[in-house]
Each structure stands twice: as C-alpha cells, then as structure tokens.
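Below are structures written as structure tokens.
Same chain, two partners: subunit A is paired with subunit B first, then with subunit C.
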Partner chain A sequence: MVVHRALRMPVGSTAVFATLALAVCRADDAEGVPQPQAAIARAARAVVKVYGSGGVRGLEGYQSGILVSPEGRILTAMSTVLDSADVECVLDDGTRHRATLLGADPRRELALLAIDATGLPALALEPADAVPVGTRVIALSNLFAVAVGDERVSAQRGVVSAIVPLQARRGAAEAPYAGDVYVLDCTTNNPGSAGGALVDSRGRLVGMLGKELRSTTSGIWLSYALPAAELVRGVAAIESGTSDAETVEDARPFDPGRVGAILVPDLLDRTPPFVEAVVRGSSAERAGLRPDDLVIAVAGRSVGTRGALQRELGRLPAAEPMRLSVIREGAIVEIDLGPKPRVEERPHREDER
Partner chain B sequence: MTRARAIGRLRPPTRDEATTLHRHRGGSAACPRGARRVATWSIAASLLGALAATCAAALAAAGDGEPTRAEETAFRAAVGRVAAAVVRLEPIGGSAAELGAGAEAVPGAGPTSGLVIDPAGWIVTTAFGVPVDMQRVVVVRPDGARLAARAVGRDAARGLVLLRTEPLSDTPSLEAVARDGMAPGQWALGIGRGWTHAAPNVTVGIVSAIDRAWGRGVQTDAATSPANYGGALVDIHGRVIGLIAPLPADTAGMPAGTELYDAGIGFAVPLEDILAVRSRLEAGETLEPGILGIAYRSRDRLNGEPVIGSCRRGAPAAEAGLRGGDRIVAIDDRAVERIADVRHGLGRRFAGDVVAVTVDRGGERRTVQVTLAASLPPWRRAVLGILPRENDARGVTVGWVVPGSAAAGAGLAAGDVFETAAVADDADGSKRVDLEDVRTLAGLLGGVEPGMRVTLSRRRGESVEAVTLEVTPGPGDLPADVPTAGDIDPAGGFTGTTTVVPLGGAEVDQPAIAVIPAGERSRGVLVYFGPPHGRAVEAEAEPWRVAAGRHGVAVVIAGSGEPDRWSRGDMVAVERAIAALQSRTAIDRSRIAFAGRGAGGAFAWLAAERIQTPVRGVAAWDSGLPRQASVRPAEPGASPWVLLGQGRGDLARQIEGDRRRLEAAGITVGTLPVNGDALPAEDLCSWVNLLGLL
Partner chain C sequence: MTNAWMLRAAVVLTSVCLLVTALDGGALYGVDAVDRDVLAAEARRVASIRRASATAVAIFAGEAGGGSGVLVRPDGYALTNFHVVQPAGPAMRCGLDDGRLYDAVLVGLDPTGDVALIKLLGRDDFPTAEFGDSDLVQPGDFCFAAGNPFLLATDLRPSISAGIVSGVHRYQFPAGTILEYTDCLQVDAAINPGNSGGGLFDADGRLIGVNGRASFEKRGRVNVGVGYAISARQLLQFFGSLRGGRLVDHATLGATVASSADGRVVVSDILESSDAWRRGLRYDDEVVSLAGRPVRTVNAFKNVLGTLPAGWQVPLVYRRGTERAEVLVRLAPLHAPAELAAIVAGDRRPDRGPGRPAPDDVPGRPETMRPPPEDMPAVVRAVHDPRPGFTNHHFNVVERDRVAAAIAAARRPPAGPWRFGGTLAESGDFRIEVDDTVVSIDLPTGRSTLDPRGELDAAADPPGSGGLLAALSLWRRLSTGGPADLGSTTYWGTAPLYGSPLARADETATASPPLLDVLESAVAGVVARFFVDDGGSVVGIDLWLDADADPCEVRLAPPADDGLPRAIVVRRGTTPFATFLVTPDGEGR
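Here is the complex of A and B:
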C-alpha cells in the first residue's frame, strides 16, 4: 500500500527526534524511580550500526546489532545485510570494525558476529522473565540510518502492547519463528531497526527488534521484538553448533469430504466453511454433523474460511481426533469426526491442487 | 436484565452519580500497591474511588511526565477496569480476500475486537471487523469460549455495528467519559484483543483532538489498528472515552482510518454517542448519515460561504421550502459562517432526524424544520432542447433546436447566441451566470431538474432579449430527423468523409479500428463491442463510415483479447484506444458512449461502469444488463443515457425489467430500433451527437 508506506516513513523518523522529549532528569525517589536518560546513555553504547550488502529490490544495506560481550560478540538479525564478505560494524565511539559471522540460528533468524576488540560496553544477555504488557520500553536502533559516524543510535519510547506468538510474513515467505514476541506500541517496523535493542527503563536488555514483517492474521505491519529469553536460547544454539529448530510443519490441506463431510463449493475469495452435505453412513454422519452447519474451529483453533478449515485439519497429526466447533441454528455445537485418517503416501495430483 | 435497566446502567453518570457508583462498586480492580503508597495522602473516601484519584496522584507525584513505574501501574489499573469488557471477534466467510502474500489490512479478513456494552450479550464493534456483507462473526471470550453472534443494527455514519450474542457474565459495567470531560492532552489507552483472546493488547497515547470528522470522533495518537478496532479507548482512570474505529473515509475527510494505523492518527467514537443510539440499533435500524440535499454556490467545501446553489427536487431542503440563493446562518441555533460549520452541525445527525435550519433570504431570516434523508430521489436530467455549436466565441450558439422541445416552444432557432443564464426559481433569481462556453451552460443545467425555469439572455443579430423557459426531461427515444454535423455546425469542417485507422499499433495490445470523421474535431466517440471474435479487422469499419461521417462521430471498434469472450483486459485496451484516438482528433470527452450487441452489449455496460473515462451513454441490443451490473442512482451531471434494443420471449422480459430498474434510478432510457442483423449505425451516431443536448 503506497499511501501507507509514504505516511509511515516520516512518522517513524520524527518519532526518533521526539524521543523522550518529556523526560526530565530526577533523582531516584524512595521507590527507586529509574532514570531513563541514564538507561539510554548506558544501553545505547552497546548498540552498533551494521553495514553490509543491500541496495537491491528495496532492501537496505544496513541494520542494527547488540554488543553482548565485552570481547566483541555482536548479536543481530540474520538477514540479507549479512550476505556479504564485507560486513562492518560501527560502534558507539565511531570506530569501524570488520565483522566475521560466527554462526546463525535460522529459526529465530539470529546471527552472531565477532569483531576484533575488547573492553567493549556490552549489554548483559540474561534469561529474564518476560516483562508484562503495559511496560514502558525504549527501542534503540539505527533506523533509517539517520545516525552517521560516531552519532549514537536513535531511541524511541514505547510500551509492550501484547505478547503473542509471531504469525508474520515478508512477501510470500512466512517467518520461521512462531514463538512469543513482544508486539510493541512503538513504530519499529522500519529499515535498519532489525537487530536493535529493546531495553526497559532501567536499561536492561529485554529483547531484540525484529525485521519488517506483516501480520498474517491482520495484514498490518508489525513492530515487534524477540524476548531476551529467546535470544539466550538462540545464542546457545549458535555457540553449541546445534539447532533446536522444531520440525517444520508442511502438512497438506485435508478435505473433510474424505470422512463424509462435503463442504460448499469454493467459489468466493473467503468461502465460509459451511457443510453442504453429509454422506450417508459416513463417520461425519455418525458424529452428528449436519448440512448447513458452519464450522468455526478445528481442535480449538479458529477457522474463518473453507481454506483455513482444510489447512487446520491438515495440521492435525494422523489418528488425532478431528474436533469441530460448528454454528447450528445460532448456537455452537461440538462435533468429533473421529480420528484423522492416515494420509496416503502418494497423493493424487488433484489433491494437491 | 430488562433493557431499561441496562440503559440506566450505561448512561454516562453525572459527577455526583459517578462518585456514588465508585463508592458502591467495591475493589474489583484494586489500586496497585506502588501507586497507592505514593499517594498515601489521598483523601478519597472509598476503595475504588481512591483508585482513580490515586493513580492520578501517582502521576502528579512523579512529575513532568517522567516514565515511572507509577505510570505503568496506572496504565495497568486503567486497563484492568475495562479489559474484561473487550472481547475478540473472528470473521467467518465474507467477501474480503484471504490474507496472502503482501496482504494489506482489509475489512472483514482478520480478527478484531468488540466492546461489551451490556452483559446481556450486546457488543459494539466496527464495520471494519464486520462488513455489511458479513453477518456472521464469532465472539471469543477471554477464557477462549466461542459464542455465535449476529449483526443486529448498524451505524453507517460512523461505521459501527451492534452485535447480539449470548449473555456474558463477569463483564464490568462501563463508565463513559462525558464529552465535556474530554480534552486534548489527557491520557488515552487503546485496549483490544485482536492479537489474542487471552490478554488485552495495550497502546498508550493522548487525546489529540475532540470533535473530529464533523463531530463523530475523538482523535488520539494511541496506536490504533485492526488489533484494537472495536476495542476501547480509555482514560487513565479506566473510563471509556470511546470505541476505537477507523472512521469511514468520507466522514473523516481523509484516507480511511485503516491507512493511518501507525501514522499517529486514530479515532474513537465517543461511548456516550453510541449509547445515545443504542435503542435504535437494538431495534435493527441502520442509521445513515443525514442529508439536506443541497448544492452550494461555492466550490470550496470547507471555507466557502454556505449559500445554497440549488436544492435537489424532492430532497429534504427543497421540501422544507429552501431555495437557491438562501444563505444558511444557523443549524439548530448554532450560528454557521462557512460550509464546514454546516457540516459540523449535521455531522452527528442521522437520516430521519429533524434539524432547524435558519436562512437569510434577501435580508429576511426564516427558520425551517428539515427532516434529513438517507439518500436523495434520483436526479432527472433536464434540457432546453438545443444542440450547441462548438466554437471559440463567448456564449453558446444554437446549432439545432429539437422539434417539440421547450426551446422550440420558446421560439429559439439555430444561430441564436445565449450570453447569460439564470435559474428563475432561485430565491435571488436575478443572479445571472455569464456563459463563457458550452460547459458553463451544461454546469448550470446540472443543477436544475425538470419543471424548473431558466432565463436566458438571447442575442439574435443586433437584438438581445430575455427568454424564460421551463426545462423538460431529456428525451429517452431518439428524436427524428437529426441534421448532419455539417448542418448543425457549418464551421466545423465536417465534410461527411471518414478515414479508417488502426489505433495505437505497437502501444496497444489489441489494436482497435477507428473510423474518424474529417475535420479537426469529432462531435463524440462511440466505442462498439460486437460479438467477441478476437482482433478487430479493417473490414468491420465499413458499415459505420456513412453514419460516422454524417454525424461527425469517431467510432472505435474494439477487439477482444480472447477469441470467444470479452474479458477485463479488454477494458484496459479500450481505455488506451480512447487515449490513442485523442492524438488523431480532438474529442469531446462529455460525449463518449459505449454500444454493444449480445455479449458485447453486456460487456459495454460493465466497461462503462468500470473504466476511468466517464461514459455518458450505453446502448445494448440482443442482450440485457449483465448480472453484475450495479445500477447507481443518477447524480447531477453524471447520469448516462441508455438505449436498449427490443428482444423476444425471455430476453424481452429481461430487458423490460432492466428498463424499470434503470428508470427507478433516474436514468434516461430509450428504445434502440434494430432491424435484424443490420448495425443501427445511423441511430447510434446521431445518439452520440445528441449526448451533447442542452
């Protein structure tokens, strides 16, 4: 959406300059009120600008990274920026260092870089508890590459808006990570933000800013961060050289017609999952399914369309009960279609379509 | 629970009542520990009463807006008061596209939120989450239970929907912030459940402005998006400011709210406004924006003076006795000075509401009661009955007077020149318009309807006199004996000859064939869609040459991209063909018509409806209107003239039905005489010429 992108860009950048304009330096009170300026001053020293390949197909050649050890370990987002032999990191003091890629966690899309330097100001990477919704946070990143030379990265204020599993994509590619993320009330969906630090108002690292993705459930651009606990796991996976990647589900859609539940023809863009007919003597009939039932969920997962119903049935492992929630005459009825039949080894071509 | 009690509970309490309510509501949302300790001096009398004051005090103590934990605890307390009244809504089916690669936020495609305004099962949400074509939606309670819901009533002015579902226990009663209690700068928290049913999502900002979008919405910089549309915008005390909604595009006077989701602009419809119309929505009404039915003299829709240009026939303003020339000075006792003030005055009124409109007519004030309408009766095209000549001189020169028309009755004749015109029925009927050219007169006639009187100053030779005539409906059927272009416009260079050329060649995928009349300009353009047969060939131009030359009309013969059917791509090709035609002959873009036979007739209608170029006439024979045709009510200056062929049997019945449907929408319909397989080229070309009838 052209309008939207055009509107969004300047907003993102003005937000940078409006950052924390309200904040006033105060001494800690009896409660130990934190000082956000001090927090930013401390944390921002550990956020670096990462420059690599880019400039093609609208992809930027820069992003952000977090120093996670004084010996030059930099955690950043795995992206096309790193598809270069010449990745360079510019530290808070303006010094420029050639970086080497130590390893990557393809599931969380994290990469660990190393630069040849010591005694650096790092942020502690600790498996902290998740911070709750409503927590004030500060995003530190090289968004839009507005910080040049030894200029410090930009700070944005925000709030943790939600903690939900990531359901997002970039173009046609679905994000491989599907665990919890912090959805931020802070526009961090910007070029260069990825790999930046999310800190609390005491300057503690609570997450890493994610890439520019769209939600697959609502279609909106997402501003999100990977929680610190996931960063710890990701670094462990990289350092041990193992992968804790879950087996990727690649289930084919399952047509409930195979157990006697015939759906309405798929004629609309979002055909509602109505049952058109129930085959006599089928397990669907025995389970009590009726024509005109409207399926709204499979095993507790919502389905809003005929296609979503078939996908959710496809995700169920074989022999799992196919539990449907249907709307019948305005009320919700639970139906168990019985165990899911085993998928044939060699599907017909027609099934694939 | 009875409705009366429900309304009583949800009515925004007065200040005294609010205190009482606090006192009796117990400590279900106890003030967070930290906040309370900061404000130990609080003198609030009761536990929950203390909450609001305490949180506010916490903020005050923190001073100067420093982000402290006191703020965070205040946010959580405010959210905690309302969160249980915000539920997740999931769409089932609908016409929106499924969200795929590169998917935008589209209405009805993804989960949104709803606000429980009554635990008896009444939920308000937005038309973004539940579009008109989607009556089915599932409510997901915070505990994950799903409930079926249906749309009961709609507020089309603000894009809201009232849903009915099963009773929802444990939902808090809401306290609405009164309008006079809102001010820019106050905290505003957005609460939704679009991400997950289990926990509310929270965005934080302030109230940016009140009474935006003609008074329908409060503006906030708290992030709004499909994740919280239908949720609550609350103040720091957890009182509901409004329901988060992307206001309909027209309402906001800017891109629809969805496009603004991270631009720092969001809207909420005040809860007290929603509660004010609740009973009407419960009764199943659809509330439409209220219309007066007037056009202003000024083209500036904001700062222009609110002087009425014309009142639509049968529309509320005309029925109440308002007239062109009246200056609106007050709406419901609120003085107005600009058009924007009038729009503000009407912004929160619905169709069916009665509004007091005060006007100044010639120095005299009068107030009339106007019952606003949801829509206007279709506009009927009115004409004098002349075809003008095209010329560069000032004024409008008559080229031909239609026999039997108002113009003929008034004794007008070819060669007469109109210098000024005025609508005689206006309150200030003396206000004359200088006729710069044909377009000025066409514009003036766009504001009149059959039966109204127009006064023209007519110059004939040396004498100038005023002629007043009553305009009549534009003819449906073609008048007989329309003269040739050369007779109508002797200086136009129309010799009757034509040239035949392919249009565009390399630039156009499906080159169309054009028959172009001699002379510098064409009096109109006819695009013909025959039975689909692939690329058009030059021989097809032959039957059109005589008629095109006679009437000075350019005829474009379209080819189909596929050999056996018309498709969407052919619409693009036609648009390019018209553009290509413009490089060969000057065309009058107000006289472009589409005609077609059989499948081409149905396609002509669809193409006319969907392409960017305004198409003023559609003719179809051996076919009826396509099923997808949307017949929109005629609007001033934009109403097509339709010619339908006759048919036999079922087709005749369908065509008759189409005719009634078009006429009900105020569209001028006539019959196209067709003989067998012969192309009605003569009638169609003279018809294109007549599209310029004034």
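Here is the complex of A and C:
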C-alpha cells in the first residue's frame, strides 16, 4: 500500500525534466561516455521501413518497424498501413521483402510481421526494467519517409521526460492502451514514425515509438514510446494466441463486487464510485480497501462515476493487476486488487444494458 | 490592518529565504558535482556557439519577412537562401551579434539550390565562419543552428538551437523545378521560419551547412524535429560562381536514370545532343559513379548531380555488360537562361509538382523578386548593377579584374612573339609560333597557319584538334594584354580540372581536384574558357568553335622559369590530339 501526494506526474510541463535533461546532456559529453554516433549506426540497421496501404491525406502508407529476431521477425505498430495484402519491408541494406502478418495485439496496437530472411541485424527484445525519467534516448524512424532504399532512417535525440499512463485519442476514439508510456521531449509523432525504435545511448532497445495520438485532456500531440516490457508482453500475447481475448470490442463493464468491493447503489445519473462495503476474506479486503473509500482512478485513468469505474475495469485485460487510486481521509491511497479474473460466459447480459 | 501587513511581510520574507536557498544549492551542485571533463566540454560548446554567433546575420525585409545568413569572408560575403533574399530584394539591412546594422547588397543567386550570396558593406574585418567538411558528418553528430527564427532577433543577436544530425545525403524533391535540396543534412535542431539562410555548425563551430527547409505537417509551420541544411560541399562548389555575381544554374547530365529490377542504376533515357551521349553513354548502361562519388541508387545520382554547377566537366564511370568505361562529361544547364531569370523575377511561380503536396515545405515561400527600393543607399547603389544573365554584374567585374591582376603578376613568356618547340610524346618534333598576325604550328603531319586578326569560328586547324591554333592565339592575348584584348570577357566562376594529365602530384592524389578560377571570353565568333590556378597561371583552355560540338581542350603544366609550360596536352572529346613536350628556350631548334 503506497501513499502518494499526487496521482501522476503532469505531462509536458515542470522544470524537473528540464533540469534532469540538462544533467544528462552534460554527462554524455564527458570523455569515455559513448557518443550517439556508434549507437545510431548499430541500432539503425535493425529499423526497417514498412510500406502498405494508405497514401491519402492524413493517412500515410508508410511507417517503421523493428527487427526483433535475426530470422526476420519485425515488430511494428498495428495500423491501417498493414490493411493490405501487400506489405513490404525495406531493410537498412536496401533489400525489399514481402511481409506476412503473424498476429496483432489490439490492446497495445502492436503487430508482428515476418519476412523470409535470416542473419539479420536485430535488436534484442528483453523485459528490461523500465529506464528512469531523465534517460537520454535516441528515436530511430522512417519519419516523413525521408529515407528510401538503403538510406539510413532518421535519428532524433531526446530524454524520457515522464513515465505516465497513456490518455490519448485518435480522432474521437480513445486509444485502447492505457498503461505506462515514456513521454519524450523530442517530436516523434510525425508521419511514418510509428513503429520506430527508441534506444538508449548504448543502442539498446528501450521502447517503440507510438502512433500519432493526441492527449485526451489537453488535445496536444503526444510524443511517446511503449516501454520494452510492454513490447515483450505484446509479442508473448501474439505468439501464444491470447491477444485476441483482450480486444477492446469484447470489453464489458466489470463489477468489482466480484472481488469483494461492493459499491454504493447506482441511484443517480452520476453516482460517485464510493465503496459501500468490503466482503470479508475477499481479495479487496486483503488489498486494504475499506468502506467509504472514494475510487478516483483505475490504472491511472481517472474515473468520476460508478459506471466509469466499471467500464475502466472492463477495459483491463484478464490477469492484469487491477490498480485503484482511492481518496481516504484526504490522502490518496493506492490499492492493488490483484489480477483481474478471466471473463467467463456472459451470464448477466441484461445487466449491461 | 497591521495583521494583514505583517502577513504580507512574512510571505515576502519566506519567499526570499526560499529563493536564496535554491540559488545556494544550485551553485554548490555546479561546483562540486560536475566532472572536469564535463565542464571542459561545456566550455568548448560555449566557445563554439560564441564564435558562430558572431558570424550570424539577421536579415530584415520589412513586411516581406526576413531570415538569416552566415558570414564566410572578412570583406562581408555572407551565404543565405534564395527564398530569403527574393522578398528582401537586392538591397537589405542586416544585423550582427555586435548589435549593429549594416547595409548589404545581393551578389549572386542559385535559385535551384535555394542559395544566395550577399555582401555586407562597410568593413573588411567581419568575423567569419570556417567551413567544415560536410562529407565527414555522420548521424548523431552534435550540431547547432544560429539564426533569426520567427524574426525574434530584434536585438540582432541570433537564436541558437541545438540538436543532432538525423541523417546525411538526404534528397528532398524540388518545388517545381527549383528549390531542390540534394545531398542535404537532416537535423533535429529546431529549424523554424526565419532560420532560413542561417548557418548549421558542428561541435567545433565549423560551418557544415546552411539551413533552409523543414518538414511540416499537421501542426502548421513550426518545427517538428525535421529540418534540412544545404551541405557545405555544395555551397563551396557554387561559391565561385555566386561571388562572380552570376545567376547560377544547376546541371543535367542529359540523361535520366532508374533502378533496374536487380537494383542497379541504369540509364532510362538520354538526349542524343548531350555530351554524355557523345562520350558513349547509352540506354541501359549502368551508372557506377559520377564526379568520383559512387552511385548506388537513383537518389544517390540526384544527390551528386544536384551539388554540381552547370558547365562543370566531371568523371563518369559506367558499365555495359562486363565492360567498364570512365569518361569526362560536361554537364549542361538545367534551365534556359530566360527561364531562370523568370523564376527569380517571380514571373513563373514554382509549382509544387503533381502529387507532391504537403508535408514538405519551405519556410517563407517566395513569390516575386522585390524591386530595388527607390531610396537605395548610395553605398549599395555603387555596387549594384543588375544585367541580363547576372544577379549583380558589379561583382563580376571585381572578380574578373582580380583574376586578370593575378595573370599579369604571374610568370609568363615575355611580350613579343612566342616561339617554342620540342618533341611530341607520340613521336616526332614540333615547332609553334604565336604572334599578333600569325599563328603557326609545324607537326610531322605538316604545317598549319592562322591569321588571328579575323573571325576564328572556322579556325579548326590543325585538323583534328578542334581549334588549337585559335586557342594558342587567345592564350597569348590573355597573357600579354589581359581580358581587355579579348572581346567580352566575364568571370565564369570556379571549376575543377578533372583528369588533367598535367595536374600537380598533390592534386592527382585527391579525388576532387582544386577549384580554379575560370574566365570566359566570347571573341571573334568563338567562346573560350581559361582555367587559372591560384598562382595566376593559365593551366587549361577549352575553346568552342561551335557551341553544339566538342571543344578543343588544352591542358598546360604550370610554367617554368621562361614562362612556358614544359608540357601541353591537347584533346577533343575522348580523342587525344597530341602531347607537346616543350624544350627550354635555345634547345631543340
């Protein structure tokens, strides 16, 4: 049980990251610390240019991908570019390869492609710990399709400014992924950047550049990357075939009463999500939830009503931790209700109306 | 009342205490916790930026906007973009980091490459940027831009934006037929409207490019981490022509290339009137290299070609089947002269070209050339002389006279008739006489003579040379009488002499020979170009009897004590005519 004063770090402001960024910039200039040229030269070989459907205004027909195995596995962003039977990947050496779609993780919006080649310069995809805020990073991508053929993808330098849950939308639709992302201080939400590699100053893969999204709260375009750990989970979900069960379309409101958290009766249009009672011996009780707690967020996404709380829980895939933020006696308390139970049959269909 | 006052005082006092604590902590951290190497790196960066800032020019064009420039010569020559000076017009006011305003005049224009040369007036000790080698720049290198983004430099001091090089050898499509960015540097340092024309510098403060373009998209005309700079290499290759006040054109090979199915770059179309065709290039031939730079993709071909001025003669290596050929090709102009003038004047607006709308854009896209103001300052008026074919003819005269003075000061044969002889490398002896009224040559194949006082356009003797006697006559007239004796002579710019068998040993060792001053004379119905080395010696002559045919090419070794070269090579097209080994005076007669 962790007590915070603030829910989450605000995105895109505060002098804190400016100071951190400066400190990191200076450190990298010292003798003996690797300069970015070598890391770029090495890592960029594993970033591929992906061409598919698109080409109409606002919907480009190209993006980026990351070679994650020497045998031609390419991890990229799930997007309309891949809505084509004829997806082509151009490697750093200029060779062109027809790609087949092995599978997709709709929640993280990842897709795994395969090309018929071996001995390729891949980036290791490891469930590394998250890099801390202030880490100097390099974004490698096929932005604006500036590089063609054997021309090297573009490199931008930046700093991980914050690690926060993604609250973003594309048009009117909310992004399905709501977990943590690295917020970057360089502009990476350009056409073609999605699917590019975020590497550290030694060229190690730390994330994948996200799709072009706007913040749901401020409307600004976000520059962010999906952390490597999420990429590992996404690939595992795709390879095990479990990702299909996590689609947003299947998500239904989830009643926390199933794990012992009884909410106040839904009597008003906007009933606040107060906890009415906690079932003795339930996982809610073990997690430390108490009656009269007011739930204000699920996995970092704010919820203002009982309905919103149930919808946010419903969006979480099975087995993901159900992290609640509650207000108790004026302080914010973090509660982990444990892994979300699998959705069984649909026994209460009428309840969803 | 008193309570409220005390409360306020307490708040102020507390704030001051907090502030002091914060400053204290920062200072302690700065001294104790930072590594010495880091401080040294920081000091180096501060010094680089200070040096570069002194060379940054803020260009103001009133309501038409403005931009940036960068000083490259102590007498005030500064590089900027065509699209910055076009709305500014031929006279402009420029601010420097010293807080002073200077009058400036437009000198030369390269509309295709989006480059302009201006000259700040009033000093001969301006701080200048030192050129770096843009070919050595690699992705990840630190870089910074110094300029006038959003015209913020109301105090005339440049804004600095730092970043890394994101990509090298980038190709950016032209807007219509101009503003093509070839072989450019891509940077994530913020390049915004107003940065155009300003310098891009490396970690040591050396000039590696001129910023001029950025990719914009959904957020409007603000930087999104993707800017482009014209490379220092390209700027240096065009600098001579620009300094000569010319309206400079880019080049075409007279052939287009495409990628073949197996990834080779092959000729997809070729004009039979082109020099490349005459040198043997044909459809489907594979282009291997151009101007000494490898061509592995269509973009690489466009990148090399786009950095070369029209009229240069450069090596081309091509392959047909298993046969490999290396020839020298002359590059033709990309535009007709009138076409280029119309683009500058704005009569012809550059269209974006079909199918290429956003995202690429040029900051401050120009429309028409602003006419000179009626109240042009006298100092500017004195150095402003627009003429057809030139941006500012005044500077052509300046450069022509500079080269003429160098020739007059150089070692050359004494006045009077030139008589010399020797042996041919092929076999046999020769004897040459050049005088005001007669030019003659004795060869094993016979004697040829020419009266140089009349028209020369039919003077093709000796047979097969393409006009060697005429070339010898003009060489003597330039050497003894200067340009005044040679009809209409202009400063053409600078060009390399590739493949000269007489280049100095240190020149042949490098892939790119040095750039030589070139004078062009239109006289007696012929056109001749003279290549003059940095010592004022004529080391090459190209003479055209007919603009559409191959010229007579004469390459001369640097002169010996008697003012004469010890070796002269003559060829026409790919065909050698003869190599003359000159015997010192008094021998070999």
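One rule holds in what follows: the second predicted complex is superposed on the first by the 209 of 353 C-alpha atoms of A that agree within 3 Å, B and C clash if a C-alpha of one lies under 4 Å from a C-alpha of the other, contacts with A are read in each partner's own complex, and residues count from 1 in each chain.
Heads up, the rule we're going with is that a contact is a pair of C-beta atoms (placed from the backbone, for glycine too) under 8 Å apart; a residue touches a chain by one contact, two chains touch by 3 or more.
Note that the structure is predicted; figures quoted are calculated from it, not measured.
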Quiz item: On subunit A, which partner touches more residues: subunit B or subunit C?
Solution: B
Practice problem: Kindly classify A:39 by the partners it touches after superposition: subunit B alone (first), subunit C alone (second), both, or neither? | Solution: second
Quiz item: Taking the superposition as given, does A:155 touch the first partner, subunit B, the second, subunit C, both, or neither?
Solution: second
Quiz item: For A:190, is the partner it touches subunit B (first), subunit C (second), both, or none of the two (neither)?
Solution: second
Quiz item: Of the two partner chains, subunit B (first) and subunit C (second), which one does A:216 touch, if any: first, second, both, or neither?
Solution: first
Quiz item: Between subunit B (first) and subunit C (second), which, if any, makes contact with A:163: first, second, both or neither?
Solution: first
Quiz item: Once the shared chain is lined up, is A:64 touching subunit B (first), subunit C (second), both, or neither of them?
Solution: neither
Self-check item: First (subunit B), second (subunit C), both or neither touched by A:144
Solution: second
Quiz item: When the two structures are overlaid on chain A, which partner does A:94 contact: first (subunit B), second (subunit C), both, or neither?
Solution: second
Quiz item: Of the residues on subunit A, which ones does subunit B touch that subunit C also touches?
Solution: 26, 31, 36, 157, 187, 221
Self-check item: subunit B-facing residues of subunit A, complex
Solution: 1, 3-4, 7-8, 11, 20, 22-24, 26, 31, 33-34, 36, 132-136, 157, 159-164, 169, 171-172, 183, 185, 187, 189, 201, 214-221, 223, 268-274, 294, 296-297, 300, 302, 304-305, 307-308, 325, 327, 330-332
Quiz item: Contact residues on subunit A for subunit C in the complex?
Solution: 26-27, 29-32, 35-41, 44, 57-58, 94, 138, 143-144, 146-157, 186-188, 190-191, 212, 221
Quiz item: Can you name the residues of subunit B that touch subunit A in the complex?
Solution: 34, 37-38, 62-72, 75-76, 79, 90-99, 101-106, 108-111, 136, 138, 140, 144, 146-148, 150, 194-196, 199-204, 222-223, 225-227, 255, 259-264
Practice problem: Write out the stretch or stretches of subunit C touching subunit A in their complex. | Solution: 34-35, 37-38, 41-42, 45, 138-141, 163-170, 172, 186, 188, 215, 217-219, 223-226, 263, 296-297, 299, 357-360
